[in-house]
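Read from first to last, the chains carry the letters A, B, C, D, E, F, G, H, I and J; within each, the first residue is number 1.
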Amino acid sequence: MLDKEDVTVLILAAKKKLGLKWEEIAEKIGMSPVFTHSACMGMNAFPLAKAEELVAVLGLPAEAAEVLAESPNKVFDYTVPTDPCIYRFYEIVGVYGPTLKALIHEKFGDGIMSAIDFDMSVTRVPSPKGDRVKVEMSGKYLQYNAW
Amino acid sequence: MLDKEDVTVLILAAKKKLGLKWEEIAEKIGMSPVFTHSACMGMNAFPLAKAEELVAVLGLPAEAAEVLAESPNKVFDYTVPTDPCIYRFYEIVGVYGPTLKALIHEKFGDGIMSAIDFDMSVTRVPSPKGDRVKVEMSGKYLQYNAW
Amino acid sequence: MLDKEDVTVLILAAKKKLGLKWEEIAEKIGMSPVFTHSACMGMNAFPLAKAEELVAVLGLPAEAAEVLAESPNKVFDYTVPTDPCIYRFYEIVGVYGPTLKALIHEKFGDGIMSAIDFDMSVTRVPSPKGDRVKVEMSGKYLQYNAW
Amino acid sequence: MLDKEDVTVLILAAKKKLGLKWEEIAEKIGMSPVFTHSACMGMNAFPLAKAEELVAVLGLPAEAAEVLAESPNKVFDYTVPTDPCIYRFYEIVGVYGPTLKALIHEKFGDGIMSAIDFDMSVTRVPSPKGDRVKVEMSGKYLQYNAW
Amino acid sequence: MLDKEDVTVLILAAKKKLGLKWEEIAEKIGMSPVFTHSACMGMNAFPLAKAEELVAVLGLPAEAAEVLAESPNKVFDYTVPTDPCIYRFYEIVGVYGPTLKALIHEKFGDGIMSAIDFDMSVTRVPSPKGDRVKVEMSGKYLQYNAW
Amino acid sequence: MLDKEDVTVLILAAKKKLGLKWEEIAEKIGMSPVFTHSACMGMNAFPLAKAEELVAVLGLPAEAAEVLAESPNKVFDYTVPTDPCIYRFYEIVGVYGPTLKALIHEKFGDGIMSAIDFDMSVTRVPSPKGDRVKVEMSGKYLQYNAW
Amino acid sequence: MLDKEDVTVLILAAKKKLGLKWEEIAEKIGMSPVFTHSACMGMNAFPLAKAEELVAVLGLPAEAAEVLAESPNKVFDYTVPTDPCIYRFYEIVGVYGPTLKALIHEKFGDGIMSAIDFDMSVTRVPSPKGDRVKVEMSGKYLQYNAW
Amino acid sequence: MLDKEDVTVLILAAKKKLGLKWEEIAEKIGMSPVFTHSACMGMNAFPLAKAEELVAVLGLPAEAAEVLAESPNKVFDYTVPTDPCIYRFYEIVGVYGPTLKALIHEKFGDGIMSAIDFDMSVTRVPSPKGDRVKVEMSGKYLQYNAW
Amino acid sequence: MLDKEDVTVLILAAKKKLGLKWEEIAEKIGMSPVFTHSACMGMNAFPLAKAEELVAVLGLPAEAAEVLAESPNKVFDYTVPTDPCIYRFYEIVGVYGPTLKALIHEKFGDGIMSAIDFDMSVTRVPSPKGDRVKVEMSGKYLQYNAW
Amino acid sequence: MLDKEDVTVLILAAKKKLGLKWEEIAEKIGMSPVFTHSACMGMNAFPLAKAEELVAVLGLPAEAAEVLAESPNKVFDYTVPTDPCIYRFYEIVGVYGPTLKALIHEKFGDGIMSAIDFDMSVTRVPSPKGDRVKVEMSGKYLQYNAW
């Protein structure tokens, strides 16, 4: 019985063998690269139809589709990530967290940005002083209930 | 002798008395709202000219300008922030951190997004199913050195 | 300039002097006891009209109303609460957390219960073998986005 | 010799093979879905008769019944759960813990809600603005002893 | 307005001035030494009549009685106590915790010893090889509910 | 070469096969149930003669006796135990630790209760309002040295 | 009412004013330098007669003697000390802890070195390759009880 | 390819089979028991000649000598050791750390005791009131550099 | 499919068999010893051409080259390293961290030293009072952006 | 009675008033900038003559000299520093710690770089692609003792 970790291993092997990039895989199944990667890593659930397309694209065993469509258990290391590429985002949340909160309150009211009804993209922006990484996040505004 | 914490208190009092929003303060001094708020909170250093403009706009004591232009000591609580509005960003980094890393490597090579040569904005995006919070970050790509 | 902690102190003193229970205060302003207590403790924001009613009921200074209506910074001790009455709820989340997740997924799909669009009540249920505490929570179901 | 972890694996496989939901399994053995799931996960002990019914319903090996009826060792990760669906409950305890305590004291006296003589349910409540997750907990009130 | 910490300070000063031991104070108000000390430290609530007796015995201000009868907030340092006299009890729980659990299960069934409906005493037991500290705890057995 | 963990596994299997309780095993080798259980779990060392009796009673391999008589390495999870039955004892130490210390100092002087020259028992005390768990600990008083 | 922290401050001021070393103070009251320093820091209790001698030697207020003779609350930072001079001892315990345990077991049996019936000294040992710090500790051997 | 953990296992088996004590092994190779034990546990590196003698004494495979002479990676559990025999030394460092620092500064100047150019011994000291464990440590004094 | 951990094991075995030092390996492939070691440990990515040279020098399987050129996941133990040789560097950062920050700000402005566009070397400096370890680090200065 | 924290405050005020840089202060007293800053921050002890020069240069009260020459208590936050400028050095130790250890062992033998007999400098190195921060550390090699 395959679980999400097994399927991740199968996906990585197939991706290497086929010489595909995440962006190419995402395009073939009509999903975004961010969602595709995180669902392949077992941190999101594919809609079943998309899971079946992925299985076809990568030549995975048929039963992998159902596994890819299951609700995942999102476990990550609490506290501090050490990889510099990930740590920098943690640092940004630490430094700018209160600013994000203040501006959301100013623009919307007493509430938060949803991390569930949420999407994100990563793009490369050319620049003469060195290209830049652009990360865009968008989440539904959720108002605190008063009852 | 004023320090950054004292100046933050003075700014918050002046902002309340003048009935200004962060966006309005930012516009008056020609800086972005994200940078303006974080520098007012003592997490960034204003260029001296901008600090002097801020002092004029908010009617702060003259010596505050120099304090606002000093390099800050960026101290934040390590581990897990508890306010839900901030926690959701921490959660996004936990869930999507490895995805950000994978896509940056795929698009740029072996490196990271700088959190120093960095900018960010927050905007409100109208949507029929409920308005959305949009957060855009951009940082210079830094390639690991091999020597 | 009053802050939320100052107003909490004023509320507790007025409550003691007037001999009011949280339930009575809540009823007078037409809000639930859970929300009323948590907003008086500075963990939620009252709608401004309700804040003004509370100021009238408890004889607080007028400027307290605006403070009670500000977005709070929800700071609580991460890790483990020690008071036995609070710890038992933490223990319930530890023991039954995976069960809540499994049943939410079974009944709704891949998503969560919102802690923002949320309400809660506490009631006393008489029982011959010893009265029982009943806690009811209700939060909007939020479906994970796939994009 | 089977242990609780082995039996959990057997249950999950049988559940998948038989295409049963937790609610259906619970109904077949006349227990609640919350208790049934948590006992199947090894976090509660089934009464022996119920364990034997479960073994029959799912076609488990006979010796599994005794294992399901043993007192479990309730081990969960201390500190902060990361899965968003579980974290939101942890957040609720953090934000509303002091409120639950204050209202229990007001309604009952100096004591706590038991997490041992305890039951819980999860239901789906239809709502035009989006269905809601309703969680009901009930625990016996325990008065502190003074001696 | 006195709080529990203030009253503890007043009690310690009165106890020193009057030259009383905890055992003597406990005897004068007809409570046990363990409960008396912990309630004087603000970790338990005296029944109001006992609080008033204590106020009379120690010559405390009248309003202290009500404070001593309030439900306390039992905050203690999580993790590891450092004072050797307290640490040894923590160590005993670490070493013998699974043993206490196994024997309670063997003698009673699937349940726990209550820490709420609970009492404790400390006595000195003479012994030729060196006197011994005897600590006796007793708590109501609470059976896990199956529902 | 057997180690303490191996022997614990053998003991648990033999105990189950023979249908013995810890109390019965303890009685057969003339030791207390608390010590017997904790030494079988590898947290204490049996005197060699007792270890040999245990080997005979449970039909263990002969080399197990020497292992059971070795000094153990007492490793337990620092910080907070999660199982409710064990946690309640941790909570008692948190709430009553300073009280135990104060009363030991009052009755004995500046010192502690030994956790090494130590014994403990668990008994069931019938009570009309529900039977009670009684835990008795006794440790030699150790006086701090002044030199 | 003086407490131990107040007395420590008075001692440090008197020591500086009188130009005395810890060794000289210790010699004047007939105690060891290690015990004298730690009791002056509030980590040990002087015998009352010694406390009175110390009060006389340093010209402290008379009531300080009783404070110095009270049982202290030994609070120290759990986890890792940062001062290099103290950290090195922590490191020694980390590296050689299992060795100390193995050799104590080999020489004495199943037991420990007491940290209560304990003494320690620090001496300077001249050496041509650089003088050495010599630390000697001695504690009573305590045998684990088997009961 | 043997590593230090493998060699430790081989040493423990050979020691048991040959019925040797650490003191006897140490004597046979002309090293101290403390160093011998810690190097056998992989926490120190034997000089190669000594490693070869040990290999001969215990009948280890020849390649073990080189492994025993490699620089070890000294990994130990940070924070708090739980075994009582080791914990007591941790407690001593907690209680007496500032005293050790004060006396080293008084006797030597601004510096520390080296934990690298370091030796230690454990001896049994007979005493009518119960034998005592004596631990002696000596480390080179290192003066802080001022530049 | 080889991963970075597998390749590290192969490298260590080949290095031992060939009797090469890290400095010699580094020289053969024309990279620095610091970079070579850290990339062999899987903490940096070799340029592909260098990876292929390393494969040739050490006789590794051909597919190892690609693995050595992959972006690594830089995972290290957060908090405190215990090995004394590594801990001393951690201690230096703790003691001198604010000094490094102050001097960088004084010499450059409001910014940091990059740990990405970074190089480092270790050399042995002969000295009559004992040879010294010299560590040189150099990183590009990165100025905080103000926007 | 001044302590090190008081003197640090006086130094910072004098430095600001006199418009001096750390490098200029260091030069005036003939010490390095790194040592001067860290000793002014209370993390190192000045030789008394240098302390007196500093008092003269900055116009501090005479008694400050003695305080500056006292052995400091080097307390820093264990775990992870959050300021990006300091964090990067922590990250370097995390990523390159094992490499530093391996190369020190290869060049010197089984030992460490002293953090006590230690010096450090920070310089600005012009570069066409952006100036670089150069940090040089040098510490005496200390060989582990084998005894």
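In the analysis below, a residue touches a chain if its C-beta (ideal position, glycine included) is under 8 Å from a C-beta of that chain, and two chains touch if they have at least 3 such contacts.
This is a predicted model, so every value here is computed, not measured.
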Problem set entry | Both-way neighbours, i.e. chains that touch chain G and touch chain B | I, J
Problem set entry | Interchain contact steps from chain A to chain D (minimum; 1 if touching) | 1
Problem set entry | G-H, H-J or B-J - pair sharing over half of the A-D contact pairs | B-J
Exercise. Comparing centres built from CA atoms, which chain ends up most distant from chain A?
Worked result: G
Exercise. Higher C-beta contact count, G-H or H-I?
Worked result: G-H
Seminar exercise, completed: Cα centroid separation, chain F vs chain G, in Å, comes to 32
Seminar exercise, completed: Note: chain J sits from chain I at a C-alpha centroid distance in Å of 23
Seminar exercise, completed: Residue numbers in chain E touching two or more further chains are 34, 44, 73-74, 76-80, 82-84, 91, 94-95, 101, 105, 111-112, 114-116, 118
Exercise. Quick one: which chain pairs are touching?
Worked result: A-B, A-C, A-D, A-I, A-J, B-C, B-D, B-I, B-J, C-D, C-E, C-F, D-E, D-F, E-F, E-G, E-H, F-G, F-H, G-H, G-I, G-J, H-I, H-J, I-J
Seminar exercise, completed: Contacts from chain G onto chain E in the complex sit at residues 1, 73-76, 78, 115-116
Exercise. Given the complex with chain D, which residues does chain B contribute to the contact?
Worked result: 80, 82, 84, 87, 91, 94-95
Seminar exercise, completed: The chain G residues in contact with chain J across the complex are 13, 16, 79-80, 82-84
Exercise. What does chain F use to touch chain E in their complex?
Worked result: 21-23, 33-34, 37-38, 41, 43-44, 74, 76-81, 83-86, 88-108, 111-115, 118, 120, 122-125, 127, 129-141
Problem set entry | In the complex with chain J, residue positions of chain H that touch it | 31-32, 34-35, 39, 44-47, 50, 71, 73, 101, 105, 109-112, 114, 116-119, 142-147
